[in-house]
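Naming follows writing order (A, B and C), and every chain is counted from residue 1.
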Amino acid sequence: MNAIECRNLTHYYGKKLVYENLNINVREGSILGLLGKNGAGKTTTINILNGFLQPRSGECLIYGENTQHLSPENKARIGFLIEGHIQYSFMNIHQIEKFYSGFYPKWNNEPYWELMSKLKVTPKQKISSMSCGQRSQVALGLILAQDPDLLILDDFSMGLDPGYRRLFIDYLREYAKSKNKTIFTTSHIIQDMERLIDDVLIMDYNRVLAQRNVNDFMREFKQFYFELENPEINLSNEDFVANFEKVHNKVELYTYETEDFVKNFLSKNSIVHFNFQKVEMGLEDAFIGLTGKY
Amino acid sequence: MWKSVIYKEWLKIRWVAIIFGGLGILAVGNIFLKVQHDLVFNEATNYWYFILFQGYQFFGYGLFKFIPVLGALAVAVAQYFPETVNKRIKLTFHLPLNENKVLLMMMLFGTICLLAIDVIMFLLFTSLSLLFFPSEIIIATLVSTAPWFLCGFVVYFLVALIVLEPVWKYRFMYIIVAGAFVPIYLESAETGGYAPALPLLILFTVVLSISLLFSGYRFRKGEM
Amino acid sequence: MVKISRYILVVIAIVGFSIGIPKLYWMAFSKPIRVPFVMYSCIENDFMIQRSGEDGLMRQDTRGNNYTREEYEEKLPFLYVRQLLMSNTMPDSINGVEMDTHEISMNRSTFRVQPEDLDSQTQKLFPLFEAESGRANLEMPEDYFRISWRMEFVDAKSNKILEEKSQMFSAVLYNRGFEFPAKSINGIPTTRKSCDEGYLVVDSKDQLFHIKMIEGEPFVEKVKLPGGMKFKYISCVDFRNKNFYAYLFSTNNELYILTQDEYELIKFPVENIDPAKNQIRIYSDLFHYNIIVSGDDFVKVYALDTNYQNVNDYYETWPAREDRSEGKIIQALFPGQISMTDSDSNFIRFYTTFNSSLYWLVLSGLLIGVQFVIIKKRNLELKKNIIDFIIIGVSGIFGFLAVNIFPNKFFD
C-alpha cells in the first residue's frame, strides 16, 4: 500500500519545464528522501503534495485522495513541516499548543512539552522572538503531538546545529519505525539523510536520476579513480558511465557497473591508465557523483 | 475546531480591535462634547436651524467619517498580513478543515468584531442624539453616517482580498479597483442624501464579503 | 463559491471603472457650454440676447443687431438700474410711465428654482414665526413644528414636545378639514424676510392650507383648488409688492401664483414648466414678467405683461454635451457611465446613463478579439470563457479590464 502516489506529474513555470511524467511512490511505513539541487523541483513537488500548486498535468494521491482536494479527515493524518520551520510566530508556546490541540483527535501533548521543557524560553515569549533552533523544535514538537500517519518535512535540518540535528534524526527514525509512520522529506544536508531514509529519490533538472532503496543505491553506485596517460580521452558518452569528472588527467568515474566491467572496458579499448582504485562514498558523495558538481 | 480558528484570529486582532473600539467610543463622545459645548454658546433653536436649513453636519466633526474605514483597515491588516508572512497561510490551509470554510470563518469572525464595535458606536451615537435632537435630525444623520460604516466593511473585505493575493502585480491592480470603488461610499452629500443609494451599497457590501475566497484560491493553485 | 466570488469582483470592478474612468475623461476633455442670457426689453419690445463667445461678450437682439455694452444696458433699464442711475442714462419715463426708483424697486423681483431643489430631502421640521409680534424684526421661535399624525411643536432646548401648543394647533387644523399628515410644508424659514406669512401646507388629500401664527393663536385658511389640482413644488416668495404668496408648479407642468388675501390661483400662460427637469427663473419688473426655462440644450423665454398676458416668447437650442465632439468620442469608448452625484439632485444615487448611440459596440467587438487572443495564448478553453466574452460585449472596456484583473483561471 502506498501512502503517496504521484502519476505522470508534469509541470512548467511559464514556458520553463520543471519535470515531465514524474512518478513517485512512497510505501506506507517507509522513509523517502527527496534529493536535488536548488531549482531541480523539490519545492515544486512538496507544494503539489500539499495542494498548494496545481500541476500542469498528472496527479498526486495521498492515501488515495487527490492532493488538490484533500478531505479534512485525510489532512488530519498528514503532518506538515514548512521549509524554515514556519509557524504562527505571533503566538507563544502555550497558545500555539492550545490552538492546534483543537484540530486533531489524536492530539498528544507529551512529546511537545518534553521538547519545550528543554528550551530556555519564558512561557509568554512569542515564537517570533525565538532563535532558529528553538523555533524548529516548536514546529517539530507540534507535528509529533499531532501524531500523524504521514510526515512531510520540507528541509527539516535548516537552522539546526549538528548535534541536535543528529539527535533529531535518530529520534525521528526511531519514532517512525516504532509507530510505522511514513515520512517524505527533503534536506539540504545530505549526510543527515543517510541515517534516516529507506529510499532515495534524486532529481535533476527535468528528470529523475535515481529512485530506489538507499542501501541498494549505495551498494551499486560506485566511484572509480584513475589517471590517464592521454588526458584527451573522454568517456562521458559511454552507456555505462553515470558521470565522468576529469581534472587534467585525473578521472572520477561514476557507474552502476562492477569494477571488473570497468577494468575490462579500459583494457579492451586500450586506454592506458594508472592508480586505478575504487573510492568509498557517502550519500553526499554519491549525490554529487550522480548530479555533477555544477 | 472552529473555536481554535476563532482563538487564532482573536490573538491577531485583539489589540487592534480594542484600540479601534476605544477610539470609536472616544470619537462619538467627542462629537457630543462638541454638540454640548455649542449648545452652551448658541441658542438650541439656532443650533437646530443650522442643522435643518444651513446644512451644518454636527456628526462630521473631526475625522469621524474615516474612523470606521481606518479601524477596518487596521483590523484587516492585523488579521491577514501575518498569514502572508512566509506564506504562513499554508498552515491554515493544511488544517483539517475545508480551505474555503476556514477563509470564510476568518472573514466572519473579523466581520463580527467590526460589527460589534460599530454597534457599540451606533448605540452610543443614537442614545446621545436622542438627548439633543428630534427624530428627523437623527434619522437623516444615521442615513448619512451609514455609508461610512458600510465602507469600513468594504475596505475590510477588499484588504483581505489584496493581502492574500500571491502575485504583486495583481495586488496592485486590485488596489486600483478598490481605489475606484471605495470612494462611492464617501461622497459628500447633504444630510440624509445617501438614502436612495443605500440599498445597493448594502448589497455590494454583503456580496463583497466572500471576495477573499478568490485570492485564497489563487494562492492554493500556486499562482506566482 | 470561488467562481461566484470572481464574478462579484468583476461586477465591483465594472462599477468602479464606469464611475472612475468617464470621470477622468470628462475632467480632461469637457468644455464649458456657453448659455445665452435672454431678457425682454421694454424699450425695444424685443428680446436682448447676451452670449459669451471666443472673442468676449456679444449683445444682440433677435433681428441680429449688435449693441455695445452701454446700449445693451439701456435696453434693459430694470436689470441695470444702479448702473443707469450712476451714468445718468435712466430715461425719465418709459412707455409713458414715469420712472420712480421706489416704484422700480417695489416691482422688481427675481426667483429661481432648479431640479436639485425638488430632488432633495423633504424638510419635515420648521419654525413657526409669530406673524404679528409688534416688533420690527422677526424673531426665531424656541420651537419647531412637524405635521405628522397631528401638528406637533418640539422645544429645541429641552428636545421635548410642547403638548398644549400642539393640541391647540392640531385641533384647529382638524376642524378646518386638514387630513393628517402633511405631504409638503412650504414657507420661508428665516428671520431675514420683510414679514412672516407662515406656511402653505399640502395635506395627505392634496388640499392646500395656509397656516400661520398670529399673537400665539393659529391662523388656518383652506385654499380653494380646482378639482384634481396637485403641486409638484410650491415656493413661497417675499416680494415687496405683496401681490402673491407663492409660485406654484403643478404636476401637469403649469405655473400658478396664489394672490395674497383673496387666495386666488392665477395660471400663467406658459407651457411645459417642469422644475424637476429644467431650471426656471422668473424676473419681474414694472412692465413684464420674464419666465426663463433653461435645459441642457435649450432656453425658452416667455415675456408676460403685468396682467399675466403673453406678449412674446423666444426659443433657442444648441448642441448638448452628447452631440459635441467630446461627447461623441465618449460614446464610442464606453457603453455608458455611472455617477454617484448629479447636478440635478441633492441625493446620492447610482445615476446610470447608457449611450444612445451604439458605436461603443465596435470597441467591444475589438476587445472580444483581443481577449480571444489572450485566451488562445494561455491555452485556456474557450468554452469556459463565454461569460467573460459576454461581459466584455456588454460592458466594453470596463468589462475587459475587470475580467483580466480578476483572471478566469480555474481548474477542474
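Methods note: contacts are C-beta pairs under 8 Å (C-beta built on N, C-alpha and C of every residue); 3 or more make two chains touch, one makes a residue touch a chain.
Just so we're clear, the structure is a prediction, and the values are computed from it rather than from any experiment.
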Most extensive contact between chains (C-beta pair count): B-C
Chain nearest the global centroid, as defined over all protein CA atoms shown: B
Distance-maximising chain from chain A - centres being C-alpha averages: C
Centre-of-Cα separation between chain C and chain A, whole angstrom: 77
CA centroid of chain B to CA centroid of chain C, Å: 35
Chain centre separation in whole Å, for chain B relative to chain A (CA means): 47
Touching two or more other chains - residue numbers and ranges from chain C: 411
Where chain B touches two or more other chains, by residue: 221
Where chain A touches two or more other chains at once, by residue number: 54
Chain B contact footprint on chain C (complex, rising order): 1-2, 4-6, 8-9, 12-13, 15-17, 19-21, 120-121, 123-125, 127, 140-144, 146, 154, 156-157, 159, 189-190, 340-341, 346-350, 402, 405-406, 409-411
Touch list for chain B against partner chain C, complex: 43-49, 52-53, 100, 130-134, 136-137, 140, 147, 161, 170, 173-174, 176-181, 184, 187, 189-197, 200, 204, 207-208, 210-214, 216-218, 221, 223
Touching residues (chain side chain A, partner chain B) in the complex: 47, 50-54, 72-73, 75-76, 78, 80, 82, 84, 86-88, 90-91, 95, 98-104
In the complex with chain A, residue positions of chain B that touch it: 1, 3-4, 7-8, 11-12, 82, 86-88, 90-91, 93-98, 219-222
